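Let me begin by presenting the structure, written as structure tokens, before commenting on it.
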Amino acid sequence: MAVARISEVIGSSTKGWEDAAQNALKRANKTLRGLTGIEITKMNAHIEKGKITEYRTHIKITFILEE
Amino acid sequence: MAVARISEVIGSSTKGWEDAAQNALKRANKTLRGLTGIEITKMNAHIEKGKITEYRTHIKITFILEE
Amino acid sequence: MAVARISEVIGSSTKGWEDAAQNALKRANKTLRGLTGIEITKMNAHIEKGKITEYRTHIKITFILEE
Amino acid sequence: MAVARISEVIGSSTKGWEDAAQNALKRANKTLRGLTGIEITKMNAHIEKGKITEYRTHIKITFILEE
Amino acid sequence: MAVARISEVIGSSTKGWEDAAQNALKRANKTLRGLTGIEITKMNAHIEKGKITEYRTHIKITFILEE
Amino acid sequence: MAVARISEVIGSSTKGWEDAAQNALKRANKTLRGLTGIEITKMNAHIEKGKITEYRTHIKITFILEE
Amino acid sequence: MAVARISEVIGSSTKGWEDAAQNALKRANKTLRGLTGIEITKMNAHIEKGKITEYRTHIKITFILEE
Amino acid sequence: MAVARISEVIGSSTKGWEDAAQNALKRANKTLRGLTGIEITKMNAHIEKGKITEYRTHIKITFILEE
Amino acid sequence: MAVARISEVIGSSTKGWEDAAQNALKRANKTLRGLTGIEITKMNAHIEKGKITEYRTHIKITFILEE
Amino acid sequence: MAVARISEVIGSSTKGWEDAAQNALKRANKTLRGLTGIEITKMNAHIEKGKITEYRTHIKITFILEE
Amino acid sequence: MAVARISEVIGSSTKGWEDAAQNALKRANKTLRGLTGIEITKMNAHIEKGKITEYRTHIKITFILEE
Amino acid sequence: MAVARISEVIGSSTKGWEDAAQNALKRANKTLRGLTGIEITKMNAHIEKGKITEYRTHIKITFILEE
């Protein structure tokens, strides 16, 4: 039966945490196939001069390993 | 004095995690009364062909039990 | 070398969890200097008559302590 | 063989955390049968004018499901 | 979209932890519909005279709430 | 909207854990305004000659930050 | 320098959780010397006919090992 | 000295959780060398019509990196 | 009232995790009396040449201390 | 009786994690009195060109609040 | 097959956390045989007049139980 | 924007935990580029004849994924 792997990546965005998760997913699509799901594990942000300059969302990505 | 109960539900949405939480809340309103609060406990998503097809938000709902 | 401190605050909003985090950040800027980052630690909400009346986001704020 | 269920409730009291747990248990007895145990999972309190006005104890209640 | 609920139950067995999980599932089928998954959260056992007399498996059951 | 802060303090007492929490709250009232709630995070004790000589209760205090 | 050991015990009582912790401590004094502290790690209870028949407090006891 | 890496995979099976862990291990052997150990981190299952149709075991695999 | 102690042991087996737990229990019976329960806290395994050569199950054993 | 507060700070160093903890402690001494203990909660590091350029140690500092 | 036990001890030192772990290990060697490994679970310290006077390292020690 | 990945490795050393972390980092530099940070997640050790023969430090390494 199918075996999947879980990989942890961090996406970033200047717009928000949901966009940061989408960016991580876009990048994962370049090198991984068989993606089935993601889970958010952390949401943080870098701040400069009192404002968020980079939203960061940590996600765990699950993808099916090919036989 | 009042006694409350905590119930765990999972809402889903094609738009985003906040909308998924709102959907869970809407469904809870159909069968529960006396809701006082929610807490997000997990945010994950189902992926097909590299795109999120279903956002899922796990929430814990607190509601007052009637005497 | 630089020493930073971590402080935990709770922002609130009638719009959403991201806005609640922004409100917490705005308030922190009034009294703290040298902010470098935030991390979301909890997202909950107050409910009245079945609707969210107040979104609350708990964040940990890191700021550099002056020499 | 017997199957049990675990339900999470929050009791409140103006006297203390142990009394709040007892109140939660009293309420549970009204609707549940076959209770076998409880476990305290959280103890918090609401404060007004610097004094505790409501003690709250979160408990997990285990009860045997009837066949 | 669909909303699911998570319920925590404890199955028991004289044979083993996997059988205890199956017993919990069998009982859940009597009262719940739309089951989609389970997750094991705890495995313990009661011992008498140095031998396991009752295996207990705690599981979280997810089931779709009807519209 | 209102922004709150969370501060962690440890109260002590020779009588018990609940009294230790009350002592922490009394001290907090001297320097903080706008307290809205507390949560117990740890209960430990110092022992001498086999007896508890000091009960200690760790609490997280939430208080509204003034505008 | 001194080396200490940590041992986990469960005290029980028909009166309350604080008394259960005291009972565990009394028993520990019979076989251990050099006790320096305890920490509560769990509070649960056995229930019969809707009432608590046995309070149980799990504590971690620290004691200095003799040279 | 040797450096090892830890990878998280999910094995599945129609027979049980132990078999699911074995399937994950078999697949890992196809692409990884120098495996030294595994640890189970999660056991869940997919359910259809009230029965488990797919057991899933999450494992962390440790393997020595070649120089 | 009775006071119990909790001890953590690791059983091993060439057959499986449940057998490893049984082996730990057998060994505990040689030196401990009054065992009332066990809880599994970890399941891992040693691997050689791609195969599990030793299953290991960590269990917490509870036993009543004699008066 | 005495009431203590816990504050979380991050020390940094180019030498190592223990030195980073010492730097955090030195800075705390400038503004806080009555320090009684620290606990390490996280050890991480910033890397540039494959080398650690800044060790960071997160510590929780306990200090007695003056009457 | 071999069964091991895990014991939790706290070593102390005036030099540092690694030395404190070594001191705990030295003491364990006086009464235990068959030690196979240790794991650090906590690092804290006692402070007097703004300086660390005692480093404390909590370790879990694993040792094989004799047949 | 940049997307990073987190990988978990275990370094070993006969000298100490900090050296073990450095060894893990050295090995990571052979195959990974764009390293930005590490975090220690576990420190354990192998013991033979009562002495530490191998220090092991688990670290999570973050590195930027190339476009």
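Should a chain be cited, it is by its letter among A, B, C, D, E, F, G, H, I, J, K and L, assigned in written order, with residues numbered from 1 in that chain.
Everything below uses one rule, namely that contacts are C-beta pairs under 8 Å (C-beta built on N, C-alpha and C of every residue); 3 or more make two chains touch, one makes a residue touch a chain.
Treat the numbers as computed from the prediction; the structure is a model and nothing was measured.
Subunit C maps onto subunit I through a rotation of 180°, based on Cα atoms and reported in steps of 5.
Per-chain CA centroids place subunit D at a distance of 22 Å from subunit G.
Computed from the mean C-alpha positions, the centre of subunit C lies at a distance of 39 Å from the centre of subunit G.
Each chain gets one centre point, the mean of its Cα atoms, and the points for subunit B and subunit H are 31 Å apart. Among the residues of subunit H, none is found touching two or more other chains. Every pair of chains meeting the contact definition is listed here: A-B, A-C, A-H, A-L, B-C, B-D, B-E, C-F, C-J, D-E, D-F, D-G, E-H, E-I, F-G, F-J, G-I, G-K, H-I, H-L, I-K, J-K, J-L, K-L. Of all residues in subunit L, those touching subunit K in their complex are 16-17, 42-47, 50-52. Listing the residues of subunit K that touch subunit I in their complex gives 1-6, 62, 65. Within the complex, the subunit G residues that touch subunit F are 18, 22, 25, 29, 35-40. Here subunit B touches subunit E in the complex through residues 7-14, 20, 23-24, 27-28, 31, 54, 58, going by the rule given at the top.
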